[in-house]
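One structure is given below, represented as structure tokens, and several questions about it will come after.
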Amino acid sequence: MTVNAEPLLRVENLYTRFDTMDGVVTAVDGIDFDVHAGETLGLVGESGCGKSVTALSILRLLRCPPARIEGRILFGGRDLLQLDADAVRSVRGREISMIFQEPMTSLNPVLAIGEQVAEGVRLHQRLSRRESWQRAVEMLQKVQIPSPEIRAAQYPHKFSGGMRQRAMIAMALSCGPKLILADEPTTALDVTIQAQIMSLMMQLKQELNTAIVLITHDLGIVAETASRVIVMYAGQIMEEAPVRDLFKDPRHPYTRGLLGSVPVIGRGQRPNRRLQEIPGMVPSPLRMPAGCRFHPRCPQVAPRCCHEAPPMVLLGEHRRVRCWLETV
Amino acid sequence: MLNYVIKRLFSMIPVLVGISILLFFMLRMLPGDPAQVLAGQMASPEEIETIRKQLGLDRPVYEQYLSYLGRLVRLDLGRSARTQNPVIEEIWARLPNTALLAVVAIGLACLFGIPAGVISAVRPYTWVDYAVTMGALFGISMPVFWLGLMLVVVFAVVLRWLPAGGTGSWQHVVLPSVTLASFVVAFIARMTRSTMLETLSLDYISTARSKGLKEEVVVIKHALKNALIPIVTVVGLQFGLLLGGAVLTETVFAWPGIGRLIVDSILARDYPVIQGTILIFGLLYILVNLAVDILYVVIDPRIRYE
Amino acid sequence: MSEETEPNVCRPAELPSENRWRRFWVKLRRNKAAVAGGVLLLLYVFCALLAPVLFRGDPAAPNLILALEPPSFKDPLGTDELGRSILGRVIYGARISLLIAVGVIAVGLLIGVPLGLISGFFGGKVDFLIQRATDAMLAFPGFLLALALVSVLGVGINNTVISIGISMIPLYIRLVRSCVLTVREEVYVEAARAAGTRDGMILLRHILPNVMVPITVQTSLGMGTAILFAAGLGFLGIGVQPPTPEWGAMLGSARAYLFNAPHVATFPGIAIFLAVLSFNLLGDGLRDALDPRFKI
């Protein structure tokens, strides 16, 4: 992977805060990362760690207020956070599109599937109603929906979960975006369908040379698809590494905990090896622990971790970790 | 679809039977002789005797009820004690007036209530939202008949733009329908606001926004089309309130509809007409609810009645 | 981002703890509209209780020499067609209207809540019968039902209360029943039943407290409706009868003088409007404070 090229997306010092009745919640707490053209970046962490909010912040899909977004999101030489509403809309769907987690609720129940795919095309590529419909049918065919002409005219309730997610992918790819933010795209699906959808996404990504930010808590999927992984915890990046290094040599105790909780079936493993869990719970964003945010759950906690926040330690290109263990 | 309508029509039967039982016992609850009550105070002994035979007061109660039901089915609602005209004719003569008022009022209410609710939901907790919310609350707290009186004072007495009451021209329709709509418009705006707020927070709205659609398209095409389903239900339910409001509005504006008819009959103790109008009101209400159910099919593709 | 539990029509809440009530009070007090409604309502209660102090003299005694006087220093709201002070009648009217509202709610609660509890808790034939009766009553819009009952019972303050009260019963039955159905399946109710607690005890100790939230909201909003309905009946001449100073009846007689003395029709209407508004503001505030997701 070439790392010297200008990144497609650069997130710098991103903070996303929400004003709530109980106080200010900092969901994303100063993160930065790059995404290069055509690569797949895995963004992993437990639910509530801020990975979805990161994606929504990039496309500015959060309602402000109560949300406040600070930092820089550089895409194609522009800072998305500085653009006016019209300019942001011209990026959405055309240059960066999004696939959401819940196929059951992410499609509009009262509009035909074809129309939901076609409307974006019509808007961004200035096609006529008929041409855009034609394009929608082509896209549905591309995501391997059988008899797409008939299916396009149907409403979401006639589609199964997997079929809906295919339609979502068709929608996301319809304008040939440079980047797709896929937020847990297969979490809500059956295991067999998960594999189909992931391989379809990867195949289309290859074909269209689209970059993907794959947000998930499933390390198995990341291992198969991503080239690089960022591990998030409580709004911060804990570790970043190329996928091979991360699985071979995880440096952060949290990453090790996550890897420990992945069921591995293969050589040298007893098939019913007990799934390890990380003890404790994700901290409430209103009451973040002092020092390292992971210290209450960390098996290797040291006295220093409880009151002093660890710095981000660079270990090489695309290899960094936020832990006191790495500072010696 | 047709099967569904037929099925729904049949499901109305128990409710109708319930209503008829209520109406039947309503008269039996009155102190004194039902025949005398039905014939009115001015009736001659012969007339009372005829009605007594017709009611079969000497027979057991269930037989009386069955023959009463038989007459209802044939829309034989008896004769008015005041005018001696058949009740059904009295009602038919006034029904179009009330229908005109109701339709114009519902139309006005949707025309203003839905956009107000949408604007309020799109800009929540801004001054527009507070204005709409407060306005709607004022609307549902306002006694319709008082609003009617005040409109008469302003537009008929002071400005002399519109007639204070009666029928005859389109000008006569303006004040009564605005009065009647005021109440319903508030309900529709409130309902539209809360439904739209909920709809706008759903996942598919984020999907629509993530495609780069304009906010107007997101709001109208994606959100409002969904929100219309509960809104239509409320409009249907408001029709009942509208009928209640019609009684008061028609009184304020001396509008010759069935609302006015029922009040006059109550004041004159004209029981056959009271029974008849109440029955017609109940029937209208049920029919409107049926129409709402059918309208769902048009809006919501998920519902396909077998 | 609050720690609220799953939203539910009728939240099968843990019994209200100290903390929960405080949270409720804070929320209610922070709601300016609800506070305004509460203050307004207190003002009405004050007028109703102290009517004889606030206004000396008989509000029903005519004084024809002073008929239809516009507002002046002596009679701040003017006089009506019989020369009676409108201010005095409006103040005394608060008594009548609040009394009617309380009476109506009492009828609705005392009959509707037990029937709803029975219907929801026991189910079966009883439930079926009660529900069909409720259906038939709900086939009529509330005001028309009250109108129909008045046509049978006759006019007057007692019959107004009974008619409107009865027309509210089906609403309480529906509300309570649907809540009971939700709560009945809760684990702690099952547990109580398994432990052999008697039905009556379960109803009182476990189910009724949970039904209180929606009943409170319905009651506040229902009082507003009761005042509106009573005024409507009074206006039509089939409710409270003159010379009793009832706001609706006052408007009914004022109709004849709209052209030469519009003030007679203005003030009783404002009195009704503000009274109903106060209940609606308070009801909305209570609903939001008790459970923002709960809708009637």
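A, B and C label the chains in the order they appear, each numbered from 1.
One rule holds for everything that comes next: a residue touches a chain if its C-beta (ideal position, glycine included) is under 8 Å from a C-beta of that chain, and two chains touch if they have at least 3 such contacts.
Because the structure is a prediction, the values reported are computed rather than measured.
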More contacts between chains, A-B or B-C: B-C
Relative to chain B, chain with the most remote C-alpha centre: A
Mean-CA-position distance for chain B and chain A (Å): 52
Whole-Å separation of chain centres (CA-atom averages), chain B against chain C: 22
Per-residue overlap in chain B, given as positions that touch at least 2 other chains: none
Residues of chain B touching chain C in the complex: 14-15, 18-19, 21-22, 26-27, 29-30, 134, 137-138, 140-143, 145-147, 149-150, 152-153, 157, 164, 194, 240-241, 243-245, 247-248, 251-252, 262-263, 265-267, 271, 274, 278, 281-282, 285-286
Residues of chain B that touch chain A when the two form their complex: 202-204, 206-215, 217, 221-222, 225-226, 299-302
Residue ranges of chain A touching chain B (in the complex, touch as defined): 56, 59, 61, 85, 89-94, 97-98, 100, 102, 105-111, 116, 119-120, 123-124, 155, 157, 168, 171
In the complex, chain C residues that touch chain B: 33, 132-133, 135-137, 139-144, 147-148, 150-152, 224, 228, 231-232, 235-238, 248, 251, 254-255, 258-259, 262, 265-266, 268-269, 272-274, 276-277, 280-281, 284, 295
